[in-house]
Amino acid sequence: MRRSVDRTAGKVMSMREAVASFVHDGDTVSLEGFTHLIPTAAGHEIIRQGRRDLTVVRMTADIVVDQMLAAGCVTRLVSSFVGNSSAGSLGELRRRIEHADPEPLAFEEYSHYGMVCRYLAGAQRLPFHPLRSYAGSDLPSVNPGMRKVTSPYPAADGTTEQIYVVPPVNPDVTFIHAQRADRRGNTQIWGVTGIQAEAVYAAEKAVVVVEELVADEVVRADPNRTLVPAHAVDAVVLCPRGAHPSFAQGYYDRDNAFYRAWSAISKDPVRLREWLEEWVYGTTDHAAYVAKLGEEFWSGLAIGEALSEPVNYGRRL
Amino acid sequence: MSEECTQTTGAVTSSELLSVVAARELAGRRTVFAGIGLPTLAAELAHLTVAPEIEAVYESGVCGAHPSRLPETIADAVLITGAEAVLTMPALFGSVLQGGHIDVGFLGAAQIDRWGNLNTSVIGEWERPSVRLPGSGGAVEVMANAREVFVVMRRHTPRSFAGTLDFCTTPGPDRALADGIRPLGTGVTRVITELGILARDGVGDELRLVAVHPGVTVGQVRAATGWELKVADTVTTVEPPTDAELRLLRDDVDPHRVYLR
Amino acid sequence: MRRSVDRTAGKVMSMREAVASFVHDGDTVSLEGFTHLIPTAAGHEIIRQGRRDLTVVRMTADIVVDQMLAAGCVTRLVSSFVGNSSAGSLGELRRRIEHADPEPLAFEEYSHYGMVCRYLAGAQRLPFHPLRSYAGSDLPSVNPGMRKVTSPYPAADGTTEQIYVVPPVNPDVTFIHAQRADRRGNTQIWGVTGIQAEAVYAAEKAVVVVEELVADEVVRADPNRTLVPAHAVDAVVLCPRGAHPSFAQGYYDRDNAFYRAWSAISKDPVRLREWLEEWVYGTTDHAAYVAKLGEEFWSGLAIGEALSEPVNYGRRL
Amino acid sequence: MSEECTQTTGAVTSSELLSVVAARELAGRRTVFAGIGLPTLAAELAHLTVAPEIEAVYESGVCGAHPSRLPETIADAVLITGAEAVLTMPALFGSVLQGGHIDVGFLGAAQIDRWGNLNTSVIGEWERPSVRLPGSGGAVEVMANAREVFVVMRRHTPRSFAGTLDFCTTPGPDRALADGIRPLGTGVTRVITELGILARDGVGDELRLVAVHPGVTVGQVRAATGWELKVADTVTTVEPPTDAELRLLRDDVDPHRVYLR
């Protein structure tokens, strides 16, 4: 049976506490955020605490995954896209897969909707989720997770119909980054919302990392904006700018220059190691990382205002 | 029903009695899937007494409601304004309920049998019933997925506590197992009626009488039950609603008498 | 292949035009809205235009369905709850099912999540959708739509696992009621959002009925509020108060008195007929129905203001 | 490439040529699943020319975007602000894409074969590849569900237009049928390259050369293709980008040269 979370208990903690409490060697860890709101700071803290033998589940395995690979945290990767966005390659990931350098990486390759369906099945305690993908692909030949089921209903033409299915994924812990939450863990996200809610529900434990911790009244003034309710959240971590080099809609923009730089950094294992030493091991926490980048840097990612118009939820007279 | 209450707070109605008893049973529970009516009263009273951390989740998708008035429907506008979250229906039924996040689901029924299976579809034959009832709503899902289910039945009669259901809309885990499917929840663990409380622990277990209201005998409950009712070794007497419970219920939970009649 | 909607074509039309264009005798018509935003005005116009032999798909078959039954529009009902909310019975529905009076009603009985999964499968072109319901229920014995599938993955204990599935539903047309849309059909809903988006995507044609037709800028100031995008909408009907006796969060409250009154009205076929004559056949359109109720009546359902706080979507500097 | 353009608008780059040709092919289409880069340019140019009613749908869930700048990623903040809708991922992939609402999906690939099957996973063996590529992303879903697929390939070589794919990540409908599953879409209908345009009508149909760019011969295309390329009875010459197209592309679509290089 799934855990039941005490929604009023003290959930607000530091990233250090959250990683220490909820990430153990050998765990399956999901980090979600589709281009937007990538939980980078969570990945960095996992690196600082030296976790080993993790299975990382992430649809778009990008820079933060390459960094966790380089830090030796990860032995298995479950993903549907392994690349540095459209900006280039992930050097460490390619060394691991192409040359088993410095060690092999077990890789479960899916497509985006396959991953979405795995999270949906995980969140809903379904034994499988069907999808109209994979027919004729070579992927099932290298991924035994993709199987076929025969529909018990005849197709429109009366014939028997088969469809591929994927199995549920149930991470030990899911980390997501979000714009804001209250102290209970009611989490509000806008802009690209991706698969975060399902990734939280699929997990045994869930940590929400936020730009802002807000008063209950802020959340309750717009309940439709709450994509992850308190009962599904085990810890809330306040960590402004924790999605960098990704972005937070309405807070700061994407650091496209860093994405472009990563291909060269990660291509050279020595340079990559130096980068980790300086920016992850060399910073005590994300606040130190943010400070090290400097205010001038952050002003370059600053954005202007484009406010939504309020809607009326109504009040009984 | 209880003399010492009458003086200060007026006669205890059946709704009040059932709400108070149900609220006490929610002690220590965190998430409750509440229907409208007595379950709402019970959840709100529990919140003020034995389960301050309880969260009422509604079939409409509302989580963490803070209504300004007692809601009249599961989607009442007063449940929405000021709520912590309003989820889509796939999220509510899929992730929250089927995902296993509900500790206690409240259900009612026209008929219940000794295993806690429920009928809310028809009296008579399904094809041409003598009474067509509303059907499942989300009851099938609540039974299949909540950790445990509380049933509140105002009337305790051999017709409603049936030896054989006219139709099983909402099966408990024993019937699920017989159908070859491993159930996820415990099924009905408490049945609260005007006569007393029946309890059941898990798969393979029948409902048994564990408590009676003051003045009710075990024989009366047996006679009102449509099967040979099992009785616990020790049948306790339900403590009548206290003044404090009644005051909270009447003054804070339902001051406008939406449900307390 | 699913239709492709021209999102810029003239979609704004009257309810009369929408029903005339998109509802034909014998069609399968979905009307969704879970307690909130019930498309009552659409049901009334279907009655006025005298459609016959409809299959009506609606999770909570309540007053509007009872009215359509009484008007002789419906021969088949697909539903998971047939009752007048918590306020009582549906007289016409009970006569049809209990006594075949004045004629039988074919009824497909599901549970709420069964219906949700049918819409999900319909929206996603899946041959079936699995769910953890129905094991041990008598429902599959009266509903051949509920079938079992064997999971191709072993259960946690190594045994073979079975699960029930439901088939897709693909209405010829879906009607939903919403707070607002732009002229292209981008539709924004808040409060209880139910299964409306999936019901629209599952249908061949979709009609959105709104309290307000708003400028493009209003919708575009808060794109996360758009639950139904223009490409899925064929017609937009402006029909204020079209959800009565249901409610529209932020616009008007529920008419609980009418719900309570309906049990008595519908219990007597003569009274029910008179009600239809006076309030549906006797009004030319929903505006006439609204006017007939009178401003004093509407002031009783008026609500106060509880505005959401704006969020920042951000603007590149 | 075309003398009369050069004077007023400067030399036509490969990106400009491919964008203009792709935009023309979008005439009459309504919904396009656009990746970042050339597909974005093509969709935006088509919107200004042959398909004013076109809606670009992005993998991130954005529908009806009205970006203030050309987006650098499929989830770029400028795509969100001012968009008509931003959907969840289950809604985007489930209801919009698998639901059949996409007319044209754009895909790229490291390798394509004569049936329009694509490889974006590996060069070499999957288990220990010589080059690990990014993989599917949503490409498997776009191919399986979009009404038709346009492929833009900058480089037309026997290596990328492969007789046999190293790995089939994204199968067209012919491979789906061979796997016993009836496909929903047509698969690849257009391949636009630096040499010309290949086309394919549907299941059972091979890609065939239908047009070449000015100055390119059929023989050159055949030599650059890793299988025995079929050639249409009449191979037309692609009309070079017009001044109007180039001006729109350079001044209105990508004035900051995000993709036009």
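Think of it as A, B, C and D in the order they're written, each chain with its own count starting at 1.
Everything that follows uses one rule, which is that contacts are C-beta pairs under 8 Å (C-beta built on N, C-alpha and C of every residue); 3 or more make two chains touch, one makes a residue touch a chain.
In this text the structure is predicted, and so the values were computed from the model without any measurement.
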Pair with more cross-chain C-beta pairs in contact, given B-C and A-B: B-C
Of all other chains, the one whose Cα centre sits farthest from subunit C: D
Between subunit C and subunit B, distance of the C-alpha-averaged centres to the nearest whole Å: 29
Between subunit C and subunit A, distance of the C-alpha-averaged centres to the nearest whole Å: 35
Geometric centre distance via CA averages, subunit D-subunit C, whole Å: 39
Numbers and ranges of subunit C residues touching at least 2 other chains: 120, 124-126, 131-132, 155, 161, 163, 190-191, 193, 197-198, 221, 224, 249, 253, 303, 306, 313-316
Residues of subunit D touching at least two other chains: 62, 77, 80-82, 86, 90, 94, 98, 145, 184
In contact (per the touch rule at the top): chain pairs: A-B, A-C, A-D, B-C, C-D
Interface residues, subunit A side, partner subunit B - complex: 1-2, 4-9, 120, 123-126, 182, 184, 186, 197-198, 201, 216, 219-221, 223-224, 226-232, 313-316
For the subunit B and subunit C complex, residues of the former touching the latter: 36-37, 59-62, 72-77, 80-82, 86, 88-90, 93-94, 97-98, 117, 121, 126-141, 144-145, 167-172, 174-184
In the complex with subunit A, residue positions of subunit C that touch it: 124-132, 147-153, 155, 161, 163, 165, 167, 179, 188, 190-191, 193, 218, 221-222, 224-225, 249-251, 253, 302-317
Subunit B contact footprint on subunit C (complex, rising order): 34-36, 60, 79-83, 85-86, 93-94, 97-98, 100, 109-114, 116, 120, 131-139, 142, 155, 161-164, 190-195, 197-198, 247, 249, 253-254, 256, 303, 306
Footprint of subunit A on subunit B - complex, ascending: 30-31, 52-53, 55, 57, 62-64, 66, 68-69, 77-78, 80-87, 91, 94-96, 98-101, 103, 145, 147, 184-185
